[in-house]
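Okay, handing you the structure first.
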Amino acid sequence: MALLEFNEVSYIYPNGLKAISNLSLKIDRGEFVFLIGHTGAGKTTLLKLIHREIVPTEGTIFFDNVDISTIPWSQVPYYRRKIGVVFQDLKLLNYKTAFENVAYALEITCLPPKKVIWRVPRLLKNVGLWEKRNFFPDELSGGEQQRLAIARAIANDPLVLLADEPTGNLDWDTAEKIMEIFLEINRRGTTVIMSTHNLELVRKYKKRTIKLSRGYLIDDYIP
Amino acid sequence: MALLEFNEVSYIYPNGLKAISNLSLKIDRGEFVFLIGHTGAGKTTLLKLIHREIVPTEGTIFFDNVDISTIPWSQVPYYRRKIGVVFQDLKLLNYKTAFENVAYALEITCLPPKKVIWRVPRLLKNVGLWEKRNFFPDELSGGEQQRLAIARAIANDPLVLLADEPTGNLDWDTAEKIMEIFLEINRRGTTVIMSTHNLELVRKYKKRTIKLSRGYLIDDYIP
Amino acid sequence: MDLNLDKLRAGTYYILKELKSNISGNLGMALISTLTITLAMIIIGLFMISYANFKRIEAKLSSYVKVHVYLSDKLSQEEIDKLIDKIKEHPEVIDVTFIPKDKVFKRVFEGLDIKLKRKLVYNPMPNLLEVSISSSERIEDVVNYISKLKGVEDIEYWQKYFKALRKIIDALKKAFSLVTFLILVASVFIISNTIRLTILARHREIRIMQLIGAAHWFIKTPLVLEGMLISTVGSLLAILLLNLIYIRIYKWFSNTATLLSLLSPSGLYKLWITLLLGSVVIGAIGSYLSLENSLRELERKEGT
Amino acid sequence: MDLNLDKLRAGTYYILKELKSNISGNLGMALISTLTITLAMIIIGLFMISYANFKRIEAKLSSYVKVHVYLSDKLSQEEIDKLIDKIKEHPEVIDVTFIPKDKVFKRVFEGLDIKLKRKLVYNPMPNLLEVSISSSERIEDVVNYISKLKGVEDIEYWQKYFKALRKIIDALKKAFSLVTFLILVASVFIISNTIRLTILARHREIRIMQLIGAAHWFIKTPLVLEGMLISTVGSLLAILLLNLIYIRIYKWFSNTATLLSLLSPSGLYKLWITLLLGSVVIGAIGSYLSLENSLRELERKEGT
């Protein structure tokens, strides 16, 4: 069975805009998927649906054979922990330092402090932010903030990683380094779904690519 | 005389980090300049200095032969109006719709309401957001938000346009459209300084390119 | 010139528009802070009403003040008349009435309400002067003055038996004034703090406006107006509620305590106007100061 | 099991850490809201102190309540004793003292403080029973009861002459209770509103925590604790200030009005404890409710 299964999913925002139209899709455990499409195509909306930030207006989404719309409110946080997310707008906690932002993702699982202190430095070093560990998000450059969001997203060794435009503020070299990190955790079993506008990355890494246009799935191929 | 002149400018952030080191630079009226460099190189800091969001720790910046550090606090807003900025983190006003965000940039100059109502639609259509005019920023996709920030930045026909990574969330086609807009206002006399990680754009448009690395100006060439 | 007038008109229009969008964009906060201000205003209002009525009751009680001067039997009518004139010379004395000893006797026992069926062989009572004075506070003065006059055998005054009570009332009055003052100060701070909180919560927006190039007055004016509007609406609500409460209390008082008339509800309009103006001023000052604070803090960050 | 205990310990640690970082991250807001709560608590405290002292003064005044029962001359000593026993049967009656007519005569004139140098041929006064009753409020009851007994010629009571005053005091008492209640409610709302404002201002952060997968309790607990801490610190400050103020008032009262003893400052510790506990509870409830609100609103947005 697929890890993630969309069955004729549509989503209409409260203001009436139909962002996802009749979308069916299967993603297996351990896949690496690029999500592309013009701006406003519905990439972020699709990721929000998987993360259960929103629930489908029509259709169903199965995660590990569970219809995620049926997860009760109190269980949603536990579902979300299985999924690491790099939000397009980063969503860093402004009152916490870089270190604390990453640590927070571990703390919510009540991981013992020792393990947190052991794991966070590795994560920050991975994205090249160890020297900036005591900086607050608004003291970081745009690219540094993005890397911090990435470190946080992968902190929990999630089952699925949703990365929404994770290289938008990164130069090519840094973007490649980040891609290496994603490929590495993908090799270790994490399913990665990454939205991007950087077609060069898509071309270079040759992974399954899903293309959206105005909410419709118009292409799904492995180069 | 150059429009903008940096004389051995250094900037140290309050936390002690030296983001700009001993930078001298001249930019003439009507130039189009790409600002490149790895993440954390100091591009945003350089733009902040021009915009007088921060003032140099050492050295002086002349704008139109005026040392901008000496502009009194009460006059700073009027100075800033000469400069349109696309902030890297967009800085949209969340409680205003797309229309109102653009209109606000005109309203602060006390432009008569009629002219505002006449000009805003043109700006929104320019960036392809006219249908989304009544959406609030958090109802827009990442790319749409970025285009909104661009519309706002050029609303006032600024003397200088500072665009900090304005295409980071845009697909190639949309990025090219935005570049066309920038080139158009540049032709009409606006000096444009645009930081970017998208080297393909830099390669394609063949404009003066300034490269920063760890706060130092390491390259300044016209291809 | 024509252009400047246009700008002024446009600026005014934009500021009002901004005010509207500020409030609708932060409706939850606006409502909560309005409610808080209503409550603080109710507290102030209750105190001011209480104070006004307290003063009134106090004045009423004072108007009952009379001093009884018992005269020596040796005085002739002429001497008594002279004495009355002398007493009248004291500035606090309003009126002096002569009461002959027969009436005094009757009064004492009637006053005590003891049915006295038996007759006395002779009247043990002296002649009496009843002296009305203008205020209970200066009574000791008057008593002192009179007691030094010739022919005065003894002085009695109502208050004497209630010196304790009088002291209680005086002490209460002072404590009450103090408490009123403290509560007034506290409420004013609560109101300006509430407005401060709503402005603190908008730091980000204010910073963005500054960066886009909005002039200080363009940023400040709508926010100050908002602070004023919030506190005006808050105090209007408070005045409405207070009026309803007061009318109830007033009615219920006039039923149970006929002797004690409160200020009539319609007589409070001056108080309401004071409250309203006060709150507008507090709102303006509170928001202006916290804005100055915010803007200056942002300025500091700028390194200028 | 061992693992769960570890988790519990870690969770507790993180929540306290979060509490600390919340406060240091929002220091301005925390300070302003603490101050607001201090002020509201001062208002509550002033009222509770006033109320306690008012009650005390009231009780003191009531303790002076004595009813004078004038007896028919026809009663024998035996009949008088019987009458006394009957009066004592009334639950409100504390004590009955017999005063023979000679003493009554003396008292009436002494009580009125008229120097009576002349002698009376015979005593016109009746015998008297002085009845102490427990509360001035039930006096009419007692008087009614006694007046129906045989051998009672007349009843006189202090209050009678001050029925107006009594009514004023009663009315004041009720008005005071009402005002105290209103102010209490208002202050409680002010406190919980203030905490609401600080939580509203953190909407964005709360949303992010939810999206990262923080459990509801993990988000809520530090914020509820913060609300409790803010209102605890606020009320501790208030208690400190109130104590200082009260000691002043107390000292100054004991100088000026010796007859009127206020509650001693050390006797207020119960009040302080009540205030403290009250504020902790209000802080907890206020922040809990507004968090529930916020979380539910965000849930609604999620479309679930």
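By letter and in written order, the chains are A, B, C and D; residue numbering begins at 1 in each of them.
Note that in this section contacts are C-beta pairs under 8 Å (C-beta built on N, C-alpha and C of every residue); 3 or more make two chains touch, one makes a residue touch a chain.
Please read these numbers as outputs of a predicted model, since none were measured by experiment.
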| item | value |
| --- | --- |
| For subunit C, the least number of touch steps when starting out from subunit B | 1 |
| Identity of the chain that, by mean CA position, is farthest from subunit D | B |
| Distance from the mean Cα position of subunit C to that of subunit A, given in whole angstrom | 64 |
| Whole-Å gap separating subunit A and subunit D, where each centre is the average of the chain's CA atoms | 59 |
| Centre-to-centre distance between subunit B and subunit A (centres being mean Cα positions), rounded to whole Å | 29 |
| Where subunit C touches two or more other chains, by residue | none |
| Subunit A, residues touching no fewer than two other chains | none |
| Overall pattern in which the protein chains touch one another (line/ring/star/complete/other) | ring |
| All touching chain pairs, where touch follows the definition stated at the start | A-B, A-D, B-C, C-D |
| Of all residues in subunit D, those that touch subunit A in their complex | 6-11, 13-14, 17-18, 21-22, 24-26, 205, 208-216, 218, 299, 302-304 |
| Interfacial residue positions of subunit A with respect to subunit B in the complex | 13, 15, 17, 36-40, 43-44, 88-89, 135, 139, 141-144, 146-147, 164-165, 168-175, 197, 199-200 |
| Residues of subunit B that touch subunit C when the two form their complex | 14, 51-55, 57, 69, 73-74, 76-81, 83, 85, 87, 91-96, 100, 104-105, 107-108, 110-113, 152 |
| Residues of subunit D defined as touching subunit C within the complex | 28-29, 32-33, 35-36, 39-40, 42-43, 46, 50, 57, 61, 70, 108-109, 112-116, 118, 120-122, 124-126, 153-154, 156, 160, 164, 167-168, 170-171, 175, 178-179, 182-183, 186-187, 189-190, 193-194, 196-198, 200-201, 245, 249, 253, 256-257, 259-260 |
